[in-house]
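Shared between the two complexes below is chain A, which has chain B as its partner in the first and chain C in the second.
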Partner chain A sequence: MKRSMQIFTRPWIWSWLAAAVVFAMTLALTGADGATGLAYAALSFGSFAAIVGLGQMLVMTLGPGNVDLSIPATMTLAATLGLKVMNSEPGNAMLGLGVALLAGLLTGGMNVLLIFLLRLPPIIATLAASLVYQSVAIWSNRGLRIKPPEALADFATGRLIGVPNVAWVALVLSIIIWIVLERSLWGRWLLASGQNMRAARLAGVPVQAVRAVTYIAVALLASVAGYLLASFSGGAALNMGSEYLLMSIAVVVIGGTSVAGGFSNVPGIWGASLFMFLVVSMLNSYGAGAGLRMVLTGTIIIFIVIAASSRRGRL
Partner chain B sequence: MQTKYRILLPVISLAVLLAATFWMQPRTMSYFGVNLLFNLAVPIALATIAQMMIIMVNDIDLGMGAFVSLVACVVATFLHDTPVLGTFMLIGLILSYAAMGALIHRLELPAIVVTLGMSFVWGGLALFILPSPGGASPGWLRALMTSKPPLMPMAVVAAILISIVTHLLIMRSGIGTVLRGVGGNTRAVQRAGWSVIWLKALAYGLAGLFAVLAGMALVGLTTSADANIALRYTLLSIAGVILGGGEFIGGKVSPTGAVIGALTLTLASSFLNFMRLNPDWQIGAQGAILILVLTARLLFAKREVRT
Partner chain C sequence: MKTAVMLLTTATLALSAGAAMADTSGKRIALSNNYAGNSWRQAMLKTFEETADKAVADGVVAAADAYTTSESQTTEQAAQIQNMILQGYDAILLNAASPTALNGAVKEACDAGVLVVSFDSIVTEPCAYRIAVDFVEMGRQEVEYLSERLPEGGKLLEIRGLAGVSTDDAISQGIHNGVEQFPQFEVAGAVHGNWAQDVAQKAVSGILPSLPEVVGVVTQGGDGYGAAQAFAAAGRETPLIVLGNRQDEMAWWAEQRDANGYETLSLSIAPGVASLAFWVAQQILDGEEVPKDLTVPFLKITQDTLDEQLASTPVGSVANVAYTLEDAKAVIAGAK
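Coming up: the complex of A and B.
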C-alpha cells in the first residue's frame, strides 16, 4: 500500500475528516472571514474535552467495563477547592493548582480503593463515589462564586502565537501521554492489560498496579481540566462538569479508540474534541433550535461510530 | 454468588432501611406513610426493569433517562390530547428501541456508545415536543396511579405486580431463559438454532416497553412533564439492577431483586430526609448508602468462597 493511502487506515483520520467537513460547512455559511475565530474557539473549548477525553481514553483502554463516571464530580470538586484556596488573591495560582491536583489524587485514590478493596465494578464504584464528591463540592462551595485571580484568568483566556493557552496545556499533556503510551514500559503494560488481562498477568505485568495508576491518572487529568475550565469561565459552578460525562466517552469513541480495550489513540481525541465543538457551532449557525441540534448531534455520533466500525470490519 | 442467595441481600438491605425509617419516624408506619415513602418508586422500578433487560444481554443503556423523559413528554402531550396518535407514537418508540438492539448486534457496535448517542436524539425530540415544562396527565392514568387499593398502598401493589410479571417472564418462561442465555453464552444460543439478532431486538424491545411504562407512571404521578424530568433515571436504574444482585456480564439478573433495588434507592432518599441531614450532604449520603450495600455483597461473595 502506498504511503499516501496508508493514512486512511489510521483510526484517528475519521474524526479529523469529520471535524474538517463540519468546519468547511460552517464556513460555507458564515464566509471565510470567520475561519480564524471559529478555529480559535474550537481550540479553546475543545481543549477541555481533550483533557478529560485523554483520561477517559486511558481508562477505557483497560478493557470493557472500565469507565470513569466520576469525571464531572472530580472536575467540579477540584475547581471548587482550587478557587477557594486561591481566594481571588494574586500569586496563588500554583497553590490553587496544587490543591486541585490533590483533590484529584484523593478522588482517584478513593475510586481505586472502592474498585480494588471492595471489588465493585468500576462503573458502579465511580458512580456511587461521584455522588459523595458532588456533596463535598456543594458543601465547600456554599453557592459562592469565587473569581479566579486575575493573572490566572488572563492566562486561561489568553493566547500564545495565536493559539489559546489552554490548548497549549492540553497539547503538552497529550504529547506526554502519547509518549508514555508508545514509548514507556508503563504504557506497554497498560495496552497489554487491556488486550488480555489474564495473559498480561501471566507474563508478569503488575496488572492491578497498572489499573490503579490509570484510575488515579484520569482523576488528575479531570482535576486539571476543572481547574482550567473554572479559570477560563470566571469561577467554579456546581454543574460545570455535567456535560463532560457524555463528552469524555463520546470523544474517546469517535476518536477511534477501541471500546474493547487495548488500543489507545491520542490524535483521534483531538479530532473528536474539535469535531464535538464544531458540530454544535455549525448547527447553531444554520439556525437549528436546541432540540434539532441535539437530535442531529446524536445521529452524527452514531453514524461516525458505524462508519468507523464497518471500516474496521473490512480491514 | 449463587442464584438462590442472590435475592437475599437486596431483601435484607431493604428491610434494614425500612426498619430504620420506621424507627426514626413511626408515623410512616401506616397506609399513607408507606404510600408516601414509595410513591415515586414505581416509575424507578419500571425503569430499572428496563435497564435490566439490556444488562441481561451484556449491554448497558446510557440513554435510559433521556428515553423515559421523552416518553413522559409524549404522554403528557399527545397521549393526553390525541390518545390514538399518542398510542401509535409510544408503540413506535418501543419498536425503535428494538431496532436499536438489532442494529447494535448486526453491526457489532458498542452499546454504551450507541445508547449514549441515542440519548442526544431522545433528549432533542423531547425538547422538540415540550420546549418548556408543561402538559397534563391523561385522566385514567392519573386515576390509576393515585388509586387507593384496599390493604396495601398502590406503590406496594404495583411493585409486587411488576416483580411477579417480570419474574415469570424472565426467570420462568422459555423465552426468558433463552434471553438470559444470550448474556451467558451468545454463541451457544446461536448454535442451538436461535436467531440472536431477533433475541437482541426482543430484549431491547422489552426494555423499551418497560421504559414506556416508566414514563407513563411518572406522568401519572407528577401530572406534567419536561424534557429533563427523568435524566437521573439512567444512573438510578443501573444502580438498582446492581443493588438487586444483578451483574454486568453473564446474563445474571434478578427481576425481583431489581424491583427491590429500586425501592431501596427510593427509600434511601426518604430516609435521609427524615434524618434532617444538611441538604448539602444528601446526595453524598445516597452514594454512601449505595457503597455500603454493595460492600455487604462482598461479604456474601467471600463467605461463598470459603464454604
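Coming up: the complex of A and C.
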C-alpha cells in the first residue's frame, strides 16, 4: 500500500495523470479511432513546448527571479535567420541549423552580458533584450515567410517507427539534459546554486559561470525549437514564438519543477507539454468557446500545480 | 489670339493644379501603428512608406512619417498620439490597438485641430474618420462561395482569429450568418488559429480526430496553409479551404490546382489600406467633404486571377494593392 502510494509523491506524476485523463476524455468523444491521430498530433506539437520548456526549466532551477522571457524572440530570430540563409535550397539544412544555433548563442550571450555586467534583474534584462531580438528579426527579413528546403520540411513533418521525428529530437535533448542534471558535475552545481546560491558559492561552486552557461543553454534550446517549428510549419513567421512565452513557464510549473529553484524535473516537462496540447484539443472537441476554454485551462493548471506542490511539501 | 488662349489654358491648368496641391503641400501626416509583428503589418508599413515617400517627393505633403508602438499597448499608443499632437502634425492615420481605449487621446487630437483617420482597426470616437472593412460580409461571402461550390452542403470547420479582438468576432458573426442563410451547412467545430499558420496547424491537428468528414474550412486569413498541412498530416482528404491571400497559401493553391484541379477562393483586406487612409487624409486636408464612415473593399482572388496575383506578390508576403488618389476619390464618392 505504502509503496504503491509512493509514486504520487513524485511531482511529475500529476502532469502525466492530467494528460492521460484529458486524453481519455477526448477519446470518449471521438471513439478509439481517434487515439492514434490524437497521440501523434500531441507528440508532434508537444515536442516544441518540451524543448523550450527544458530550457526554461534549467533557468528556473537557478532560483527565484531567474526566468528567460526572451524565448519567443530568440525562436523567431533563430528561425528567421536560419530559413533566410537556407533560402529553400536543398542541402542547406545543416547550414541553417548552424546559423540558428549561432543566433541562439548570440542572444544567450547578450542576455548574460545584461544580467551579469549590467546587473539587471533577469526578468527586465531578457524582456528588454527580446524587443531588440524581435526588431532584428523584423529588420532582417521584413516578415517574409521563406519555405524550408523540401528535405528538411519532410524530416520535420515525418515519422520514424510511428513517432514524429520532432519528438525523437526532443526526446534525445531531454535525455541529454536529464543525464547532465542527474549525473554530471555541472548538473549538481546547477541544483546546488538553485538551492542556496550563497552556500554553493562558499562550497566552491563557480556560481556565476553556472548561471551564464544556463542562460546560454536556454537560448540554444529556444533556437532549436524555432528552427524545427519553422521547418515543420512551412516557414518562420514574426509571431511564431508568441505562444511559447507562457507555454514555456506553464510546462515547467505543471511538470512539478519547483518555482523556488533547486529542483528540476525532466519527465514532468513531457507530461505537461502533452497535457497543454491535449487540454486545448479536448475543449475544442467539446465545442467550448474561447472564454470558457481559457477559464478551464487556467483552473486545471492551478489544480495540477497545487496537487504537485502539496505532495512534495509533505515529504 | 492663339497665344492668349494657350496662356489662359496654362493659367487655368496651373490654377486647378494649385487648388489640388497647394493646400496640402505644407501639411504633415503621421501614421500611428500599434503592431508590426506579422507579414501583413510589414506589408502595410512598406506600402505606406512607398506612398508617403513619393507623395513627399512630389510635394503633395511636407512629411509623412510612420511610428509603431513596441508592445501594442493602448496606453503606449495614447502617449504616441499625444506626442504627435505636440509635434504639430496636421493629420494622424491610426491603426488602433483598441476600438475604445484610445478615444480620449483621439478626442484630444481633434480638439487640437488634428485630423484623425482610423483604418483597419478603427476607433469609435465620433470626431475621427473611419475606413473600415465589412468583416461580417467577408465571413458571409465565404459561406456563400461554399454554397455555390458545394450545393449539397455538409459540415464545416471554422478557424477563428485571436480571441477577444473585434475583427475575430465580426468575421465569425458573418460566417454564422452565412450558415443561417445556407442551412445545408453546419459548423462542426471551431478552433482559434490566431491568424498564424503554425498556431492554426496545431489547433486543427488537435480537433481533427474528433471531427466527422469536413467538406469545407472557413478561415480568417493567415491560417489556411496551416489547416491544409494539418489535414495532410492526418491523412485526410483536403476539403475546400477558403484562403486569406497569403503568398504561401496562394503558392499551395497553385500547386494543388496543377496537381489535381483544386479550386477555391481567397479573400482578405489588402495591407495597402494604409495608402488609402493616406490619400483620404490628404483629401480631407485639401478641403474635400468626406463622410465619417468609409468602407474599403476587400481583395478577392479567384481561380482566374490566381496566377496574376501570385506573380505580383513577393515570396512570403501577402497579396496587396497600393491605393492611389483616384481610388481614394472613388471610395469617398461611393460613400456620399
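For the reader, a short list of remarks on this structure follows.
The rule is simple: the second predicted complex is superposed on the first by the 311 of 315 C-alpha atoms of A that agree within 3 Å, B and C clash if a C-alpha of one lies under 4 Å from a C-alpha of the other, contacts with A are read in each partner's own complex, and residues count from 1 in each chain.
Throughout what follows, a contact is a pair of C-beta atoms (placed from the backbone, for glycine too) under 8 Å apart; a residue touches a chain by one contact, two chains touch by 3 or more.
What you see is a predicted model, and the numbers here were worked out from it, not measured in a lab.
For the composite obtained by superposing both complexes on chain A, the positions of chain B and chain C are in clash. In the superposed model, A:F45 lies in contact with chain C only, and not with chain B. Once the two complexes are overlaid on the shared chain, A:L29 sits against chain C while remaining clear of chain B.
Of the two partner chains, chain B is the only one touched by A:I124; chain C is not.
By the touch criterion defined above, A:G291 reaches both chain B and chain C. Of the two partner chains placed by superposition, A:P90 touches none, neither chain B nor chain C. By the touch criterion stated above, A:L229 is placed in contact with chain C alone, chain B being left untouched.
Only one of the stretches 91-99, 199-207 or 217-225 in chain B has C-alpha atoms clashing with chain C after the fit on chain A, and that stretch is 217-225.
Shared contact residues of chain A, touching chain B in one structure and chain C in the other: 131, 134, 138, 142, 290-291, 294. Remark: chain A residues 26, 29-30, 33-35, 37-38, 41-42, 44-45, 131, 134, 138, 141-147, 157, 229, 232-235, 237-240, 242-243, 277-278, 280-281, 284-285, 287, 290-291, 294 touch chain C in the complex.
By the touch rule above, chain B contacts chain A in their complex via residues 60, 62, 107-110, 112-114, 116-128, 131, 235, 238-239, 242, 248-249, 278, 280-288, 290-291, 294-295, 298, 301. Touching chain A in their complex are the following residues of chain C: 36-39, 41-43, 46, 70, 160, 163-164, 189-192, 194, 196-199, 201-203, 205-210, 225-226, 229, 233-234, 246-248, 314-317.
By the touch criterion given at the top, residues 65, 67, 69, 114, 118-121, 123-125, 127-136, 138-139, 142, 246, 249-250, 253, 259-260, 289-299, 301-302, 305-306, 309-310, 313 of chain A touch chain B in their complex.
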